[in-house]
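Should a chain be cited, it is by its letter among A, B, C, D, E and F, assigned in written order, with residues numbered from 1 in that chain.
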Amino acid sequence: MTQPVRPSVAIYPGSFDPITRGHEDIVRRTLIFCDRVIVAVGHRATQAKQGLFTIDERVELIKAVFEDEDRVDVAAFSGLLVDFARERNVGLIVRGLRAVSDFEYEFQMALMNRDLHPGIETLFLAPDARYSYLSASLVREITSLGGDMSHFVSPVVQRKLLSKLQST
Amino acid sequence: MTQPVRPSVAIYPGSFDPITRGHEDIVRRTLIFCDRVIVAVGHRATQAKQGLFTIDERVELIKAVFEDEDRVDVAAFSGLLVDFARERNVGLIVRGLRAVSDFEYEFQMALMNRDLHPGIETLFLAPDARYSYLSASLVREITSLGGDMSHFVSPVVQRKLLSKLQST
Amino acid sequence: MTQPVRPSVAIYPGSFDPITRGHEDIVRRTLIFCDRVIVAVGHRATQAKQGLFTIDERVELIKAVFEDEDRVDVAAFSGLLVDFARERNVGLIVRGLRAVSDFEYEFQMALMNRDLHPGIETLFLAPDARYSYLSASLVREITSLGGDMSHFVSPVVQRKLLSKLQST
Amino acid sequence: MTQPVRPSVAIYPGSFDPITRGHEDIVRRTLIFCDRVIVAVGHRATQAKQGLFTIDERVELIKAVFEDEDRVDVAAFSGLLVDFARERNVGLIVRGLRAVSDFEYEFQMALMNRDLHPGIETLFLAPDARYSYLSASLVREITSLGGDMSHFVSPVVQRKLLSKLQST
Amino acid sequence: MTQPVRPSVAIYPGSFDPITRGHEDIVRRTLIFCDRVIVAVGHRATQAKQGLFTIDERVELIKAVFEDEDRVDVAAFSGLLVDFARERNVGLIVRGLRAVSDFEYEFQMALMNRDLHPGIETLFLAPDARYSYLSASLVREITSLGGDMSHFVSPVVQRKLLSKLQST
Amino acid sequence: MTQPVRPSVAIYPGSFDPITRGHEDIVRRTLIFCDRVIVAVGHRATQAKQGLFTIDERVELIKAVFEDEDRVDVAAFSGLLVDFARERNVGLIVRGLRAVSDFEYEFQMALMNRDLHPGIETLFLAPDARYSYLSASLVREITSLGGDMSHFVSPVVQRKLLSKLQST
């Protein structure tokens, strides 16, 4: 019996407030073994804290970062990640792991998602070592204090960060 | 531009002394997103400690466990994993992660392998929670002390374990 | 000299917002070696965030879950856990440990409580592996997003969760 | 219905090569909530490396340390810990946890032992913070290099350590 | 060629809300290898949550604790730590590490600070084991619940804590 | 009262079998805040396993790597590190930390060394992120399997490694 050859798609979920070079690295590594990646910006209608960027702004920034890569789609979702995956008919989730604290939280979520929908599998990737100490919250905090994050975000993201923080 | 659709293959390397249900679980989960898995038994010619099973025995046990699954190949390799992967023209390695100690060792190896051969990517999977406390060394130790490991290895592996340990 | 044989009692403190099957598992395991368990719902008068359930609702849910087990008492406490234990004349505290992050926080508390009142000892238990990735906050979040938590909470808790979240 | 009041016993297993003040601390804390403790020195007939002290010497040292405490028994066992516990009709195992690496190994063993014999429960205790960085292997190594371990082992253990290491 | 001998200075940054004996321990250990320590209370103008003590109160408490030690300076800073260090012409930052969770966060910050300003190096120290489970947040919480923190803070800090919490 | 200004010296102990670029990085960072570094190769007369390089070879390799840096001394020591430090009249030890497993072992040693000799303080540094997954054992293993470690060791070390491994 031959295995049907089909295009493979993965969802890369997160807050992306904003997308960093660490996130970009995970997307590009996923494209090594997947045909398409859906970068999925999660949000909750009821969430008190808004974040720095609106969901629409985050989606626009990710689109701008990957404007030359037609194998990347960007979408926002509310509700359960596994429901979003089912809706899109995608069985693969990818997540980057940097540290032990990531590892524990991510495994908790992966095992819970598997329980909620057994057909969906989560794959973990190691980002480039240069980004092992990078997080979106650090990018927001350091930029707000006047630090230069140009090593850690794309130019389009840095411009938006600076204009956003000046207007705050 | 359309992305060429190709069959995807992953290497699942390890010692497999012997293969456990935790290993089997990782193989079956990999087959959700890959078309084939090569289970690769690593060994070193110069290694002092031999292990419980010879490399040939380990390969035979894995073949026996997956005899009904024609998408699984089994091979032994010595030398660097990345050289074996290159030889087989495979760009994906999969590894299971159970605990924080696994995580750190596995990430060290993944980052080093990436440095040795940048085209090869390592993916990490969570085994079923039932196998989160299982290891081949625990299987060997508990069986040798008379404990029942039938929840944790396939029947063919358990038979071999018992006959091996009786003859020791 | 003979050791006086006395009934043994343990306090199992927590937020229980709401009680999960992981919590229930720890209570039942404690009853293997203790004669009684006091499930103690901690709260702070000054606390800004209220949680999903009120303290009274949490106590009622725990009572409902253990209505057939007369060795379980349920109580609310504010103030220091060690003061509550002293008041009840109980020298044992039990806590479940799931992950490394739990471990560090729990040990910090156990050592601090020992400093505050040296006669009180904290015992840690491992929950069933099925519940190793379960937490009350995950139960709240996933239920609010429409996910099914019936594997992870008792039916009485699930009913209350659903009615509470519909009215929000 | 009243709960039958019975004397409670716990097994404290380990290598105890030799017993340290950290081990003593765990024994004394266990006696707060148990009527008796069986300190159980595990060994394997087939084990290549012998350790510093023989099994008989380790048992004698533990007996000497607790000679004024008639609630402590000392025994050697080979084979599975759960078989030893069953034989002694004891349902409780206690273990000290110092660090994250302990935690992971100990939980793996506790969950495996629960699988091998569901009626046996493992309790974890935190040693005194003064002993959080103490291990028997460190005691052996530092004493062999001429360091003073009198803060960390009982006088009888220190005398035996010094005479043992001089004769090596 | 002889190396110019110069006085060495380190910055010890933190929130210090309030300073604990664990913080004091790190300052005194730093004075073993540095000629001066600047205890630097970080704050953010835009920060919603105020903490228990104002920045001025925290600075005053640290000054009171070290009033007999003329090698300790105290300062408040807002903005990036590396900018504060550069301004003061100091190339050394010291931080205490207690637990694995500290370790990961602190390394993330140290590596990020090194990226922001390569000439600044962060050194980590282990506090005394007695303070390994101590944190300023625990001091605030336990004092507010009526617990005695006199082992863990200086008398001047304890007095201020009690009067502050009575007035709340 | 003025603080006497004195040249500061640190000991950097390890096995260095062989010295890697990660070790070199720690030495160079230490020279930012110390006037001299003594790289101290620890060994035990009674040790069964010899390592790849002899103690003399390891010392020679470190000297070769730092031949242009007259602020680095190299020495071998057996016995306790704190005795070696006392002999050399040095009160500072430096160690690199890469991962959580390092952290726990290193803290255990630092706290034990502090107990053995309270005047000696251990400082921990983060290596460059590029070396966060590097270890001497990985260098030995990968070189022996034919992998290229030229990113991770100095040229003089790589030449010696290759000739050593060819002659094995």
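A few comments on the model shown:
Criterion: a contact is a pair of C-beta atoms (placed from the backbone, for glycine too) under 8 Å apart; a residue touches a chain by one contact, two chains touch by 3 or more.
Remember, predicted model here, so these are calculated numbers, not experimental data.
Annotation of chain C and chain E: jointly contacted by A, D, touch as defined at the top. Listed options A-F, C-D or B-F contain a single repeat of the C-E interface, assigned here to B-F, on the basis that more than half of the contact pairs agree by residue number. Farthest chain from chain C (centres taken as the mean of C-alpha atoms): F.
When chain centres are defined as mean Cα coordinates, D lies farthest from chain A. Bringing chain B onto chain E by least-squares fit of CA atoms involves turning it by 180°, to the nearest 5.
Once the centre of each chain is set as its mean CA position, chain A and chain C turn out to be 35 Å apart. Separating the CA-averaged centres of chain A and chain B is a span of 29 Å. With centres taken as mean Cα positions, chain D sits 47 Å from chain A. Shown for chain C are the residues that touch two or more other chains, namely 100-101, 104, 107, 111, 129, 132-133. Chain pairs recorded as touching, per the definition above, are A-B, A-C, A-E, A-F, B-C, B-D, B-F, C-D, C-E, D-E, D-F, E-F.
Every residue of chain D that touches chain E in the complex is listed here, in rising order: 100, 129-130, 132-133.
Those residues of chain B lying in contact with chain D across their complex are 99-101, 132-135, 138, 142, 144-148, 151, 168. Chain A makes touch with chain C in their complex at residues 44, 46, 78-80, 82-83, 100-101, 104, 107-108, 111-112, 115-116. Listing the residues of chain A that touch chain B in their complex gives 1, 3, 5-8, 29, 32-33, 35-36, 70-71, 91-92, 97, 100, 103-104, 107, 110-111, 114, 119, 121-126, 129.
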